[in-house]
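There are structures below to look over.
First subunit A sits with subunit B, and in the next complex the same chain sits with subunit C.
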Partner chain A sequence: MVIDVFLALGLVVLAWQALIGGSLFRGIVMFIVFGMVLTLAWAWLGSPDLAMAEAAIGAGVTGALIMIAYWRLRRINAVEPRDPSPARSRLALVIAVLATGLVGAIGLAAVSALTGDATAARVMNETLPDTGLGNPITGVLIVFRNLDTLLEVAVVLAAYIAARAALGRESADLPLPPAPDTPLLTPLVVTLAPLTMVVAIYLLKAGSQYPGGAFQASALLAALGVLLVLTGRVGPAAAANWLTRAGLVIGTLVFCLVGLGMLVIGAPLLAIPGIWAVYLIEAAMMISIGLTLVLLFAGAPGLSGKRS
Partner chain B sequence: MNWLLPGLILFLLVNLLAGLWRVWRGPSSADRMMSALLFGSTSVAVLILMAEWQGIRALRHVALLVVMLAAIIAITYVGISGARDKGSETNPDRKAP
Partner chain C sequence: MVAEALACLVLVPVVAACLALVLPGRWRWLAVAAGLLPLPLAMAWLTGELGREGLITVAVAGFEAPLGIVWRLDGLSAVLVWLNIIIALLVGLHAAAHYPADKLNGFRFWPLWLLLSGAMNALLLSADLFNLFVTLELVTLAAIGLLVVDRKPQAMRAAVRYLLLALLGSLFYLLGVALVYGQTGTLDLYQAAGVLQPDLLGHTALVLMTVGLLVKAAIFPLHGWLPAAHGNAPGPVSAVLSAMVVKVAVYLVWRLWLWLAGDWAIPAGLTMLGLLGALAIVYGSLQALVQQRVKMIVAYSTVAQLGYLMLLFPLLGLVAFQATSYHLLSHGLAKAAMFLAAANLLTRLGTDQLGDLRGADRRMPLDVFTLALAGVSILGLPPSGGFIAKWLMLQTALAQGGWLWVGVILVGGLLAAAYLFRVLAVLCARPVACPELPVSGKADQLTSLVALGLALAALAAGFVPAPVLKLLATAWPLGGAP
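Right, the complex of A and B next:
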């Protein structure tokens, strides 16, 4: 099919351009466009879940993050516009060939695994209706393999703690660009903020039956937080208040409490008692992941009501 | 009429390619960002067409997500370009004097 070839070639060209780009800013724009085309590729392959994740994290939040990093680099005059590419090592070709071979081998293994007896998938499809869920991906994430998901939420928390440890006390001085003072901004924020909220909660709710779920919803909430930080509605604070701390740990905490609570009533560890527990865990995860992403973006330990 | 939707998708993708040339050439960073945002709109159109063509309704949710996130990119860009030397030039590719 022409569209398949078009998307595949486009992705390779965009990835190459993003890395090799003559100027740093061109590379950033190429990266954002790469994220959009990758979203289209996933959509074309019929996986809306992956397309959503790519659109939210790859193109949206990461794009904004890289642009802010670029701005901070320019502030300290660390950007050398003439030669952004580092000197090429002789090992580059060898490493590239080996990496390509590894990716090819993993891809081949994944494709050949599909033809085998898919016991896990069959059992999951048979038992999925008992959980009340209609979306197999949410089923795997929250019910069948929820230890992995619990560890993912814990990793997000660990990333925040690691960033705090690495930045130390200096991070309060990390500059943010001043809020743009165009008259269009306030109406945009006033319209977009509640809409984003509604769509995020809708994605969380829809995630039980259709593509969507806590990760996509939290990426959208993070995008909203980034918007509020950039427009000066919310500013970085020197310390995290109790509300921020509670938001950071609530995902891991609720997940652990539900999982451990099952032991008390005699069920297996991390068994999911019903669809209400899925919503409870996902909502808590959404808050924690979204808040962590915003704090990592602002490079600050906490958030305050208004930027000074 | 079976060719209509894939034909339109392909046409929009070719549009994307044309816009890519503008991202590559610039010359100012505003040109690059404008065409990247145009890509966002084109992607939304392509996603809606794919939702019809493949019968996957959830792809419309993806389109919704792309719309919301394009605003973030735009505001970030306005923030970082307005914050540099005010008014003199809006081209971060060139070093500020």
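Right, the complex of A and C next:
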């Protein structure tokens, strides 16, 4: 109970701080800390999958993307380090009251919900053993409701093309922080890079039985990519080569082709023929999502071996 | 075969989008054609099946609800899928002139175009509240990407506003879905409909989802983002935004109020939604009257015409349902034609400021003719799809003695006449000076002909309404006319 209250209050305070924190930078830091505490909250509520996803994507990758955006805004002098947050709108109070009322109404409604067993969850627990999977979340994402996941991977693709369309080709010249010049860098990279790869692939593999899966693995891969970009081991390129483009679409494409292939052999659309197909689809998704996130961080259409 | 045809509607454009991103140069045209051309064939076959069966359902991945996602094609979805396919193909033909698939801007345009049409089909087929959320996200993000594909500063600003509001709308919708799932243990719209009660939770969920969708549908007073976005988008994108993207959000509001909460009897809510529609009609039309750019006039006209779709709620009944659905169809065609014609004026004359367009009819007669023809349907003059829709709406309103709604429909028609004649009067005015236009190339002629084709389709809808109205009637959930 004490921990519940602590987490709940902490989240509210951090959210408040992220919104009104003295400067933009402070707000960003608070947002990342908010993500960390939210991770703890999910873990405390017994949802390790959500906790991992929140830590890797919500706090980690999103934090890195916001940070690099802030750094670039500083470079072009669009913001100052001590810039105060934008002046509060006169509507702030009205919006706050309305939002509170809304949260109250939703809370009241949620409390009044029937506490009977959730039909979908019950059916899933009965069906899950037939699939050979042990992790119900992977079951829902890749087997039972895989149309959602397929379309979500397509959403990532659409968002990426939209971002590229908005950025234009000259974005390959967007500045990146200079690589730190220290002899410790190489040992760090050669230790972390293979280790991260192994953990990402482990998460993917473990996802079938235990918490984990493609989304968490792709976030780890993206973190590795961000590390390589920041240390200058990988740099932005002005154009995407065919490998990059193939990497971006492979998640959506493999998912669709497996799904359509099942129709050809007379099974229902998007039926998953076996655990190998789960791994195949998840591996393809991991590559696409991870690559998308790294390219967004680098702000460039492609990647090259060495930063110029 | 049914599953194959449905899969074709959704997955073929998505696969084609992926291929258009990886194939080199000219091969991309092949991917685009392969993604769009099979759609009418699949849908023609499905329409035949639908005529026999009355309703087509398929459990995706072989798992029935509540565990899996169910696709459900009824008369209403079928009409909208047809509209989506016609728009994707014809407006796509117009776009082909401006976005060659083997050039950089086409390289970005076509994958988004294909994803948008696939996502729209997925949305119209889905009977699952969460799956609808995902499809709605895909529709919105692809639309926003298309909006910025030319990198015009005004379009970028409009896109960011649209993105932020659309995300807010999604959040509201998702909160409502979470409540429904918490109560009913299922995400299937039709299963949840049997369990969800009109209590505190049910009402909260319905209101949350409706508000979220009304933001995306740009229904007055949540329309703020629409004119800037639709008015500054590239021509073909404005057309698809007005014809389809906002419509599918209204379609979902219909699904929620008539299918999920069909037997709740909440007259106050229905009247409220109708009043929003009435205000949208009056406000949007008045704004269209004072705009100075042709595309902004057409964009505000969309705000107004969306209002008619909300009149279904107060007029509730089979005929009103047919009328508003038919309005959705014919407005989609006419508005796409108008936006394409306006885009042609803008491209060839370099401006769409009303003041600079005097005598445009001499230089671009075909496009001005298209604007006028499409205007006939928007006004609701016979013979056109718009006339059938508004005539049926008036009939039901009169039969129910709903004088307020009769008045709104008539005033809306008069105001539409005012803002459209204002445009046409300027376009056909005696020119002050008439600089010669460069001789129009094949591409220019094609873009004008496509716009004309869509306007003619909107007129043709006025001649053959019976089969469409019959198809729509099979979808009506609430029984005979009141």
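To be clear about the criterion, the second predicted complex is superposed on the first by the 286 of 308 C-alpha atoms of A that agree within 3 Å, B and C clash if a C-alpha of one lies under 4 Å from a C-alpha of the other, contacts with A are read in each partner's own complex, and residues count from 1 in each chain.
Criterion: a contact is a pair of C-beta atoms (placed from the backbone, for glycine too) under 8 Å apart; a residue touches a chain by one contact, two chains touch by 3 or more.
Since we're looking at a predicted model, the values are computed, not measured.
Peer 1: Put the two structures on top of each other at subunit A: do subunit B and subunit C fit, or clash?
Peer 2: They fit: once the shared chain is superposed, the two partners occupy separate space.
Peer 1: Once the shared chain is lined up, is A:299 touching subunit B (first), subunit C (second), both, or neither of them?
Peer 2: neither
Peer 1: Examine A:148 and indicate which partner it touches, taking first as subunit B and second as subunit C; both and neither are also allowed.
Peer 2: The answer is second: A:148 touches subunit C but not subunit B.
Peer 1: Angle subunit B-subunit A-subunit C between C-alpha centres, in steps of 10 degrees?
Peer 2: Here the answer is 140 degrees.
Peer 1: Just checking: does A:227 make contact with subunit B only, subunit C only, both, or neither of them? Give me first, second, both or neither.
Peer 2: It touches subunit B, and subunit C stays clear.
Peer 1: Between subunit B (first) and subunit C (second), which does A:106 come into contact with in this model arrangement: first, second, both, or neither?
Peer 2: In the superposed model, A:106 contacts subunit C only, not subunit B.
Peer 1: Once the structures are superposed on A, label A:242 by its partner contacts, choosing first (subunit B), second (subunit C), both or neither.
Peer 2: Only subunit C is touched by A:242; subunit B is not.
Peer 1: Using the touch definition from the top, say if A:270 reaches subunit B (first), subunit C (second), both or neither.
Peer 2: second
Peer 1: On the A-aligned overlay, A:119 touches which partner chain: subunit B = first, subunit C = second, or both, or neither?
Peer 2: After superposition on chain A, A:119 lies in contact with subunit C alone.
Peer 1: Enter the shortest inter-chain Cα distance between subunit B and subunit C once the structures share a common frame, rounded to whole Å.
Peer 2: After superposing on chain A, subunit B and subunit C come no closer than 24 Å at C-alpha.
Peer 1: With the touch criterion stated at the top, can you tell me which subunit A residues are shared between the subunit B interface and the subunit C interface?
Peer 2: none
Peer 1: Which subunit B residues qualify as touching subunit A in the complex?
Peer 2: 6, 9-10, 13, 16-17, 20, 23-24, 26, 29, 32-33, 36, 39-40, 43, 46-47, 50, 54, 56-59, 61-62, 64-66, 68-73, 75-80, 82-84, 92-96
Peer 1: Hey, which residues of subunit A end up touching subunit C in the complex?
Peer 2: Result: residues 105-106, 108-110, 112-114, 116-124, 127, 143-148, 150-152, 154-155, 157-159, 161-166, 168-169, 242, 245-246, 248-249, 252-253, 256-257, 259-260, 263, 267-272 of subunit A touch subunit C.
Peer 1: Contact residues on subunit A for subunit B in the complex?
Peer 2: 1-3, 6-7, 10, 13-14, 17, 23, 25-26, 29-30, 32-33, 36-37, 39-40, 43-44, 46, 48-49, 51-52, 55-56, 59-61, 63-64, 67-68, 70-71, 74, 79, 81, 177-182, 185, 188, 192, 195-196, 199, 203, 206, 210-212, 216, 220, 223, 226-227, 230-231
Peer 1: Which residues, counting only subunit C, touch subunit A once they are in their complex?
Peer 2: 3-4, 6-7, 11, 14-15, 17-19, 21-22, 24, 58-63, 66-69, 104, 108, 111-112, 115, 118-119, 122, 130-131, 134-135, 137-138, 141-142, 144-145, 148-149, 151, 156, 159, 175, 179, 181-187, 199-201, 204-205, 208
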